[in-house]
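Heads up, the thing below is written out as C-alpha cells.
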C-alpha cells in the first residue's frame, strides 16, 4: 500500500468513507472546513449523502435522523459550532444511537482564534450537553492515527450505540503526513436490528430517550459506561518505567512532549510521557503501575488547564503540575524549563 | 418585613427585579416557565424589557447585546435550552460582560423528563461551552437563599464582568417557602465605564474576546479566575467538626441529606454534611480543616455522578463514595442505608 | 406537621395544600409546599407535600404522613400506608365509599364532591375538605382555617361567598359525625 | 532535516514546502508539513514548517532551522536567527537585495521573482527557489527534486512546461554563482 | 360505511378532551394506510404535546429535539428515500425555535411532509405565547393580551413559504366534519407529493386547544371558525391543482 | 466637492483588493455622520469578513456570535432606544446560521437596521457555498457547481421579508458610481426609518468578492451586473415611498 | 346485529360527535367512564351509520359495523 | 495648490477608480506601495474634482480638496 501525504482534515474525511460512512451533514468553520470540502465531491463519488447544512444545529439533527436509520452518520466542527451541537449530542446519546463527531479545536472561548488550542477538553470529556451521558473521546496525535481512530470511531459508535467524538486540534488537522488507508468498507444499515426502515409487518420502533422505556435506566446507564471505562482505555507510554516525573499530554502537545522527554533524558532527568489516546475513558490504568513516580505534569494548550483534574485523580493526588500553553504553540525548551523547575522545587502551582 | 409564601421560580424572577435587572429575554421550558410568566407582567411594571424570544439562542444573544450596554441582563432555561446557550455564554465570558443565567435542572439527557435532577453539574461547572472560561455558579437550597443568591449574582456578575449561573433544580424551583425580599434596587448602566452608549466625543468601545486586545491574555485570565477561587467560595457545614463521614450535597439533595445527618446522629453515626453554595468555585476550603474525616460521599441526583470528582480532589483522594439518585427523589432512609454500608465496609464503589 | 393533599387533576388539591401552607405562614410557622411533578402533564392524579413546623424544615418531601387529605380512591390506595400510626386521614366520601381503613389511624369522611355540587359550588369540594380538616382539630382551628381560606381568595381577587358556605358545611357535617 | 519556507501570501511558499515534503515521502522518508496558521486570513506573510527524517518525527514544529527558503524581507528578518550554525538559507534576491547575513551560515541567493517574470511564469518564482535549493545539494539532488516537482503537478493535472524552464534556470544560476 | 380504528392508533392517546391532535393523528394514520405506506412510514415527532405520540402511535418514530423535527426528517429521508417520512410538529416547535429548520427544509425542497398543528400557543408547557398567537390573545406570557407592537404580528407560514418553490402547501382545520374531510384530503395530497418525489409538502392545521384557551371543546371550535380563520385563511396555497 | 475619509474609518481595513466591504463600511460611516448619529451609533458585527471591522471601524461595536448579530442588536436597541443600532452581516451569517434571528427581528419589526453584505459565498472561511450562491456556481463545497435540486434555490431575502410588515427593505450594489450612490441612499433611508421609530430596516448589498470568485475586481463587478443582478434584482422592496 | 359500537372507556366527553351527527342520534347520556368523563349513547333507530361520529371523534370511540344506509 | 491627494499606502490596485473617473484622469502608474500593490496617478489637469474616485474606492485612497469644477 502506498503512503499518501495528506492533511489531517482530508484524512479524517477519507477515513470516514473507508469506515463505511455514507452520510455527512455539517457547516463550515475554520480549521475544519476541508472536511466538508473533501466530502462535497467524495461522498457523491461513493453514492453517499453530503449536505452542507444551514447551521451546526441542523447538521447534528440530520445526523440524528440518519443515525436512526442505521446509517453511519458523521458531522464535524470546531469550538463554537461544537457548542451549538451539545443539545443534539445529548439527544443522540439518550436515544442510544451511534454517530461520529469531530471537533477540531482552535484557541480561546467566544469567537476564539483559528490557531491551535486544547480548550474544549471539558466540553468533550465532561459532556458539554445537559444531563447524564458520556461520549467515547479519541485524541489522535498524527495523521495516520487520525485515520485509524476515525475508522474505529464508527465501529465503536455502533458497538456501544453511543456518539463517539474525535477531539483533534488545528495542528493535527492542518498538518500533512504520509498515511495509509484501509480498504473501503461497505456498511449494511439493515443488519442492525434497531435501524428504522418502517415497521413492516412487525412492531414499530421508537428512538427517544431510553429513560422512558428502560425501567432500570439508572443502573443500565451506569453499567453501560462502566463497561466502556473497563474496555476502551487507550494510551501510549514513553519511558515511564523509570520516570520520576511523568508528563501527560494528548494531541499536538504530546508530540512536543515526546521531544521534551528526549531532551530531558539527555540531561539525565528521569522524565516520561503518558499520552492518552482515549480522553474518555481517561486511561487511569496507565497510572496504576506508576507507583514510584513522584510528580506529574499536565501539558495542555489551555490557559486554565482542564485535563489536569483527570490527571490528579488518576495520579491519586500526587503532586501534579499544570504546564499551560496558550496564544502560541509552546516550544520544547519552554516545557523542559518548566520540568526543571518542578525537579528543583521551584514550580509555583501544584494540584 | 412580611414573609410571603412563594415558588422558587417566582422568587427568582422577583429577586432579579429587586437586584436591578431590567432586561429579560428567554424561552419557555418546564420547569422554569414561571420565570417568564412572572416577568411578562412584572418587567413592564418596573419599566423594564421582557422579550419572549423565538429560541434560547436568540435569548442569550439578546442578553449579550443588552449586557454590552451595561444593563443587568438575565435569561433562564432548563437543560436542553441551557445546552443551546453554551456558545453564547462562551462569547459573553470571553467579552467579559456580566449577565445572570438560571438553569432549573430536570432529570436525564436528551428530551429528559421534567422531574427534578442534578445532571447539569458538569455543564455548569466545567463550562459546557468551548474554550477556556469559567462561570461563578450558585446552588441555592431554599427559596429564601434563591432570592439572596439571585440578587448577589447580579452584583458579582458586574464585579467580575463574567456570567454568573444559578444552578437550581425542579424541586427548589417549584416548591414554596416563605421569603423576604430586599428593597427594589435601581441600576445605573451609565455608571459603568465599559457600558456602550455610542462613542460620544471619545474613543469607540469594543466588546469582543479580550484575547484580541489583551496581550497577556493567558495570565490575565488565570489571575482573574484565581481571584474568584480565592474570594468567592461559599458553603454551609453541618456537624462536620467531629464527623467520620461527610456527605457532600447541594440543592434539593442537601435538604434530604440534612435530614440524614440528624437520623444518623440519632443512631450514633458520626455523619456530617458539607453543602456547597458555590459550585464554582468549589468550596475546597471547607475540606481543609477536615483532616480527620475518613470517608466522603457525594450525593447527587445523577446516575453517573458528576460533582464527585470535585469532592475527590477537595478530599485529596480520601475514599469518596457516590450516592446516586435518579428517576425519583431519594428518601432519607435510602441515603442512610448507603451511609451504613460505607461504615460497614460494604459499599461497592469508591473513588 | 407533615401533610399530603391528593386527588384527581381538577379537584383542587394543590390549592387546598397551598391554602394550609399559607395559613401556616400567617401564624408564624416555617412552611414548605411542593407539588408532585411527573412526566404526565395532563390527567392522572395530583398531589402536594406540605410541611408546617416551628423548627427549620430540612427536606420538603413528606415520607411519613401526619395528615392525609385525599379526594379519590387511587390516591388513598397510594398513600394510606405512609400515614404514621395515630395519624389522620380526611377523605372525600362521595368518591371513596366503602374502604377498609387501617385501624391505627383516625379517619374523617366528608362527602366533599356531593356537598359542593349540592351548594352549587362544584369547584369548592377542596374547601369542603378543609372544613373537615378544621373539624378534626388536627391542624388549625376553624377560625384560623377559615381566615386562611378567606385571605387566600381575597388576595387573588377571587372572593366567592359560596366558599364560606361549603367550608361551614364541611365543618358542620364532620362535627356532626364526631357527635 | 528541518526546513521553513516563508514569504508573502501569494508567493507559493506553502506549495514549495509541500512539494519537498511529498518528494521526501517518495524517497521513503518520514515527513511532516504544517502551515503557519494565524488569525489574519488575508495578506501578510505565510510560512510552512517541513521536517524530513529517517526516524520518527515528534513535533512537526521547526524551532532550529536547517534550511530556510525565504522569499521576502520580513520573513528573513523573522527567521534568520533560528537557523542553526552551518545551516543554509535560500533567498529571493529580487526582493531581498542588500542584507547583512550571519556569517556562520551558507547563503544561496537567486533572483526568483525576476527569473519567473522573465520566463513568463510569474507564479513560478517558488519553483525557481526549489531550483536553487537543488543546486545547494542540501536536501535532494536536482533529479530527485525535479521529479518531485513534476509528479506534484502531474498529479494535480496542472502540467506546465514552463515549470521545468524556471526550475532549470534557478538551478543553473545558483550553480553558476557557486562557480 | 364501515369504520374502525386504524391499527396505527394502537393505544389510547393522552391528549386533552377535544384536542385536535387526536383527530390529526387519526387522519394521518388513515392516509398512510389508504396509500399502503403505513409499513414504511417514519415519523420525526416534535417536542410539544405531540411528544405524547411515541407512546401511542404505531409507526416508526424518532423523538426530535425541540424545533428540529424537519431536519431530523431530512436525515431520515436522505437515508431512506423510499420510505414515507414526515415530521409532526406544533406551531411553537416548527415556527419559533425551529423556524430555521422548518424553512430550510422547504428552501431545499426536501422530499418530506410536514404536519403542523397550529393551536396558537405552546400547549405542552402550559399555554405560553407562540409566534401564531393572535393579536390581543391572552396567554400565560401575554397576560394582558398579545401586544403585536412589541411581539410582532401573528406568523403566517403559508405566506412565507408561498414565496418558495415547494411541492404542496395547504391549511385546514378540524371544526366540523366538512373541514375534517378537507383536511384529510390535504394530508393525502401532501403525502402523494412526496410519493411522486415532487418535494416538500406542508399541511398546517388550525387545531383546538381547549385546555390552554380556557374554553370548552365546542367553544374552541367556534373560536376557530369565528376568529382564528380570519387571521389564517384556509385552503391550498401551493400545488393544489384541480 | 470636498471629500475626506470619515473619522469612523480611523485605520485602514484588511479586506481584500476590490472587496465591497470597504465601500459599504464607508457608506455607512458617511450616512451616520451626515445624520449626526455617529456618536451614538452601536454596531453588532457578524462573524465573517465583517469581523475584521472591530479593529478598524470607529463606532461602538459588539462582536456577535456567528449568525446572531440581529438578536444582539435587538438586545442593544431595547436598552438604548435612542441610539442608532445596526447589525452588519454577511449573507452566510444572516441567512444561513442566523436565518431565524434575522427573520425574527423582522417579524417583530424591531427598530434596528440590518446591513447585509451578499457576496454569494462564505468569504471568511475560504469560499464555501452559501444560501445565496447562484445556481451552478462553483465554490469549495460545490466543486462541480451548485446543484439546486439538492441544495435548494438561491435565497432571496427581499422576497421572503416582503411578506412581513417591516419599515424598509432595499437591495443595492456597488459596481459603479451610480449604484454606489443609490446604495448610499438606501442606507440613509434605512437609518431614517429607525430614527423615525418606524421599525425594522434592511439593506442587502450585492458585493464583489474577487478573492473567492477567482476574478479580478473589475470582472467581479461585471459578473454582478451581468449575472448576479438577474437573480437578485435591485431596488427598493418596502417603504420606498416617493 | 349492532351497527355501531361505542368504546366508552376512550371517551373524553368533548361532544364533537353530538353536534356533528346529522340525525341527532347521539346524546351525552352514557355512563361515566373510569377516567371520570361523561360518555355518549346512540339511538340506533335514528342512526344511519354515516360514520360522521367516527370521523369527528378525537378519541376513536366509535366503530361502525355497517355500510351507510341509503337515505 | 493640490486639489486631490492620493494616499497610496492604502491602495490595493483594484482599478475601480480608473474605470469610473469620468475624465480619464487616473492611470495605474503610481509607485508600488509597501504592501506590494500597484497604485494610481492623477492627471491634475484633467481632474474636475468630481469626487467619483473618492466614492468608488474601497480603500479610502483619495482626498478631494476642492469643490467640483463646474463643467
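A, B, C, D, E, F, G and H are the chain letters, set down in written order, and residue numbers restart from 1 in every chain.
Please note the rule applied: a contact is a pair of C-beta atoms (placed from the backbone, for glycine too) under 8 Å apart; a residue touches a chain by one contact, two chains touch by 3 or more.
If you're wondering where the values come from, they're calculated on a predicted model, not measured in any experiment.
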Ordered by label, the neighbours common to chain C and chain H are none
Counting C-beta pairs in contact for E-G and for B-E, the higher total belongs to E-G
Per the C-alpha centroid definition, the whole-Å distance linking chain C and chain G comes out as 38
When centres are defined as mean Cα positions, the distance from chain A to chain C in whole Å is 56
Expressed in whole Å, how far the mean CA point of chain D lies from that of chain E is 63
Chain C to chain D, mean C-alpha position gap in Å, rounds to 87
Multi-chain touching residues of chain E, meaning two or more other chains, are 15-16, 63, 65, 99-100, 104, 124, 126, 131, 151
Among all residues of chain B, those touching at least two other chains are 30, 54-55, 57, 80, 87, 91, 95, 110-111, 113, 208-209, 212
Note: chain G residues in touch with at least two other chains are none
The residues of chain E that touch chain B in their complex are 47, 51, 63, 65-67, 96-97, 99, 122, 124-126, 128-129, 131, 140-144, 151
Per the touch rule above, chain B residues touching chain E in the complex are 27-30, 33, 36-37, 40-41, 52, 54-56, 80, 110-111
Note: in the complex, chain A contacts chain D through residues 3-5, 30-31, 113-116, 170-171, 174-178, 255-256, 258-259, 262, 329, 331-333
Counting only contacts in the complex, chain A reaches chain E at residues 23, 25, 49, 51, 53-55, 57-58, 61-71, 73, 87-88, 91, 95, 189, 196-201, 204-209, 212
Seen from chain E, its contact residues with chain A in the complex are 38-42, 44, 54-55, 57-65, 68, 71-80, 83-84, 100-101, 104
